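Consider the two complexes below, in which subunit A is the common component and subunit B and subunit C are the respective partners.
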Partner chain A sequence: MLEFLARRLLVALLVCATVLTFAFALTRLGGDLAISIAGPNATAADIEQVRVAYGLDRPLPLQFLEWVGRAATGDFGQSYFFKEKVSKLIFDRLPITFALGLVGLSIALAVALPLGIVSALREGSWTDRAISIVALLGQAMPSFWLGLVLMITLGLHLGWLPISGTGSWEHFVMPGIVLAFSAIPALLRLTRSGMIDALASDYIRTARAKGLSRRSIVLKHAARNAAMPVVSIAAVQLGFMLGGSIVIETVFALHGVGFLAWESISKNDFPTVQAVVLLLACIYTLLTLGADLLNAVLDPRLRAS
Partner chain B sequence: MSRLLEVEALEVSFGAASAVRGASLALDRGETLCLVGESGCGKSVTALAVMGLLARNASRGAARLSFDGQDLRGLDERGMSRLRGNRMAMIFQEPMTSLNPAYTVGSQMAEVMLRHRGGTRAAAMARAEDLLGRVRITSPAMRLGQYPHQLSGGLRQRVMIAMALMCDPELLIADEPTTALDVTVQAQILRLLLDLQKDLGLAMLLITHDLGVVARVAHRVAVMYAGEVVETAAAADLFARPTHPYTRGLLACVPVPGKVARGAALGSIAGVVPRLGPGFSGCGFRDRCGEATAACGGTIARASAGEGHDYLCRLPPGWRAGAGAAP
Partner chain C sequence: MKALRDIGLASGAAIVGAAVLVAVFAPLLVPHDPFAQDLSRRLLPPFWMEGAREGHLLGTDQLGRDYLSRLLYGARISMLIGIATTVASGLIGIALGVAGGFFGGRIDDAVLFAITARLSIPLILVALAVVSVVGSSLTVVVMTLGLLLWDRFAVVARVSTMQVRNLDFVAAAWAAGCSRSRIVLREILPNILSPLAVVATLEVALAILLEAALSFLGLGVPPPLPSWGLMIAEGKDYMFFSPWVIMIPGVALFVLVFGINLLGDGLRNLLRTGRVA
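Right, the complex of A and B next:
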């Protein structure tokens, strides 16, 4: 178990280090930063001044090490555009993005798990086929379009939910639904196939031979074994949601990290962009690590190896 | 003794293929009936049909299917689940995969008791520990907390046996319980089943293709071929006077009747078990039978070769190869 933990942790750290390097390289490859920061009307002297002020005149490896050193302590420097500490910018907005991701994932799970289980129990039936088709349609819908449709119907016509902003939990419902839609097909398919495999297994035949109730057979014996791949993919999907919140947060004017990313990219605010990319990647890695740990809890065989 | 299990004219088909074609069995309390036959002849399907555990694509019919006088044909899934694990239990050929990998031995055993008898979890665990001891597993208390992957195949099969006994069933169906195990372990598990059957007065339906096992444990034997029970008799009688050509074929390699080398495979008969459609008539064995004539394509009546000994063949009891080939 400890070895398993250590191995997963090492992998997670390596991934973070790789992303760190990429995040740095990304902003430096896009041309001379001093020119973009100084703006279109700057003179050569202005640009030179910016270069020195931001430490851009020093050798790249040195800049990188310095940035890593500060990033490790949570200091991502000063935002060029917002004139605030990047760390504060991000941590102010992080709760909104997390709330959105969790709402999205909860909705996705609440829809995908029962439907996946029903599909598996009725494999090959009309119910099963209808569920697959609906899931496919959901996947084919672009999220900004779905967002607009929801805004118009639920927001404008019916007036059930607020259209934009972050004032209350109701603000998270519509964007949550939109995010969930993208995650439902994968979760549903995996739940269905996992349940079909589990239900056909010898230990389910044993469970039936023991005279257990249908509820216990499906929810205790089959679902527990079908859950492992679903947990992994759910973590990945939550990662996608946090990253994909750029579009949704913009559409619904939720001032989360995604919105911040969009703003800072359009304003060429590279310390913020770097930090957001790094953060999202680290969260993603942490989520996968969390999923691995949860799987180890679910599967005693993993714990042992 | 009253009949515990009665199966008459059992039919099971999967779509257009018949797996069981009119098989009949009867089992008394405290009796061991061995069901023998080549692979694919419908032994497992027969057992699963009795337990109500057939796959969804199977259809089952029978002239009679009763357990302790209760007609199982009219029972729904709920009704069957009250009997299964409680009054009738089953263990399988695949000990490695028959336990749920996600739960401990103790919790999987305890839930049988909790389901059928209620009571506290502690009491169910105590019962489980007791039974693990009975199936000769060392340090049973420690095993309760172990997961299946921590146990060998032989141990897992012992756990399956112990789990089947949680509610003191009257009938135990064991479908080739030793086939997947090492030879030395096979002997131990068989010994265990034999002892448990005697001690607990279990009625046991033991499916096997090992004639050595049959000779050691069976009170009665039913020989199955292509979905039919082609001969049934008391074990000693069957070994002494096998009558159906298929039974004789199976026993052909046996030097002294009743003294079969353990682990001896079924006698080799050329050909394989055919898969017969529902419209098939006549003797199912005729394309492999050395005695087959045109008459074997007609309806074959069940014949008697003595008290409790009947067979499904047109030949008279005590026929000799080549001599009784008429009419």
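Right, the complex of A and C next:
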């Protein structure tokens, strides 16, 4: 168990270190940063001034080491555009992105779990096939477009929900629905296959033989065992959702981390872009690490391998 | 049940086939030049609405460009991006996956680590940042997505290679004195192609959706190219009064991606039931 833990932690740390390097390299892709920061109308003197002011005149390895050193202590420097500390900018907006992710995940689970269970109970039937087509439909839905369509229908025509902004919990419903669409197919398929495996197992036959009610067999015995992989995939999906929130936050003008990332990308605000990439990657790594550990605790068989 | 599956596969194939034909023959099919602006004919509605004009079946956009012509050219961009990206990401992913699965040991650890690291990187955010730093063009979008979307190819190629590696015909090839590269290229690759074909269809669909999202955010295919994502972005300001400007390209995008997914799903079922070896 301990060895498993240590190995898993080491991989997570290495992933974070890789992303750290990657995030730094990402902003250096375009060649001279100073030119992009100074803007299209800058003179050579302006560019030189920017270069010195932001420390871009020093050798690249030195810039990298300095950035890593400060990032390790949670200091991502000053935003070029917002003229504020990047860490403060991000932490001010993180709650909104998390709220959106949780709303999205809850909606996705509320749809995917019942559909997956029904699908498994009627494996091979028309219902099963219809539900799998629903999953394919969800997979094909362009999220930004679905967002706009909901704004027109639920927002403008029916007037049920506010169209954009962050004022109340109602502002999170539409973006949450859109975000949920991206996670439903994977969660649904996994619930279905987990339930099918569980229903075919020996302990279910025993439960049937004992004469337990169908309801108790499905919900108490099978669903519990099918839940485990779903929990870990749900964690992974939450990670993807936080990363994917950039599109949805932009569509709905929700001022979370995704919106911040979008703004900083369009304003060439590199310290913020680097920090958000790193942060989202680390959150994802943490979530998957947590899911793996949870699985190891719940299922002793996994620890051995 | 089986009949329904076949319907799914057939309709998927029909949608994809139609999109390929439209993409290839777009210049012959369009009624107007998709780039020609006519400000006296701005935002004309499509044929089923009042005020439609003859000659503009799907109306015109905010610059008076014929919407049907732009939609047909848009199929070109989507198919081009989908296929080119999948070829690029397929080459990377299959190379990595086969290497990991074939050699095992340290090499496999490195491949697994690369997959884990890639999955942790937020896809859209990084793609947007790269396009923004390097500058937007069709080639940049294809290269960026190609470099990011190889993970599923790698996962499937790795597992399939491991399954095939120890089978008798590979052992026979070793015994016959075949070289390592011959075994990989002639014995292993042909036998893992079918699961990879399923991955490829899913990746084409994903690449098309991602391109549309990037173009929608203004960092994908540059205007005036008629990418469907870009058409939705350009129509966004008018959508509350003329919803069809975003409905038409959105439905096209949705139907194409749905068709590709149906095709992929159908292929996977065929493989599982063993009707295609």
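Keep this in mind: the second predicted complex is superposed on the first by the 297 of 305 C-alpha atoms of A that agree within 3 Å, B and C clash if a C-alpha of one lies under 4 Å from a C-alpha of the other, contacts with A are read in each partner's own complex, and residues count from 1 in each chain.
By definition in this document, contacts are C-beta pairs under 8 Å (C-beta built on N, C-alpha and C of every residue); 3 or more make two chains touch, one makes a residue touch a chain.
These figures come from a predicted structure and were not determined experimentally.
Engineer: Should the superposition on subunit A be reported as showing a clash between subunit B and subunit C, or a fit?
Structural biologist: Aligned on subunit A, subunit C fits beside subunit B.
Engineer: Once the structures are superposed on A, label A:A72 by its partner contacts, choosing first (subunit B), second (subunit C), both or neither.
Structural biologist: After superposition on chain A, A:A72 lies in contact with neither partner.
Engineer: Tell me which partner A:G211 touches in the superposition: subunit B (first), subunit C (second), both or neither.
Structural biologist: The first partner, subunit B, only.
Engineer: Subunit B or subunit C: which reaches more residues on subunit A?
Structural biologist: Subunit A has more residues touched by C than by the other partner.
Engineer: Taking CA centres after the superposition, what's the angle at subunit A between the directions to subunit B and subunit C, given in steps of 10 degrees?
Structural biologist: 90
Engineer: Just checking: does A:A44 make contact with subunit B only, subunit C only, both, or neither of them? Give me first, second, both or neither.
Structural biologist: Neither: A:A44 stays clear of subunit B and subunit C.
Engineer: Could you say whether A:L2 touches subunit B, subunit C, both of them, or neither, answering first, second, both or neither?
Structural biologist: After superposing on A, A:L2 lies clear of both subunit B and subunit C.
Engineer: Tell me the contact category for A:L158 with respect to subunit B and subunit C: first, second, both or neither.
Structural biologist: Once the two structures are laid over each other on A, A:L158 reaches no partner at all.
Engineer: Taking the superposition on A as described, I'd like to know which of subunit B and subunit C A:G244 touches: first, second, both or neither.
Structural biologist: Second partner only.
Engineer: For A:L148, is the partner it touches subunit B (first), subunit C (second), both, or none of the two (neither)?
Structural biologist: After superposing on A, A:L148 lies in contact with subunit C but is clear of subunit B.
Engineer: In the superposition on the shared chain, how near does any CA atom of subunit B get to one of subunit C? Answer in angstrom.
Structural biologist: 16
Engineer: Along subunit C, where are the residues that touch subunit A in the complex?
Structural biologist: Result: residues 1, 4-5, 8, 113, 116-117, 119-126, 128-130, 132-135, 205, 209, 212-213, 216-219, 229, 232, 236, 239-240, 243, 246-247, 250, 253-254, 257-258, 260-262, 265 of subunit C touch subunit A.
Engineer: So in the complex, the part of subunit A that touches subunit B is made up of which residues?
Structural biologist: Against subunit B, the touching part of subunit A is residues 201-203, 205-214, 216, 221, 224-225, 298-301, 304.
Engineer: Per the contact definition, I'd like the list of subunit A residues that touch subunit C in the complex.
Structural biologist: My answer: residues 11, 14-15, 18-19, 22, 26-27, 29-30, 36, 124-126, 129, 132-133, 136-137, 139-145, 148-149, 151-152, 156, 239, 242-244, 246-247, 250, 258, 261-262, 265-266, 268, 273, 276-277, 280-282, 284-285, 288.
Engineer: Provide the residue numbers of subunit B that touch subunit A in the complex, in ascending order.
Structural biologist: 51, 53, 77, 80-86, 89-90, 92, 94, 97-103, 111-112, 115-116, 147, 149-150, 160, 163
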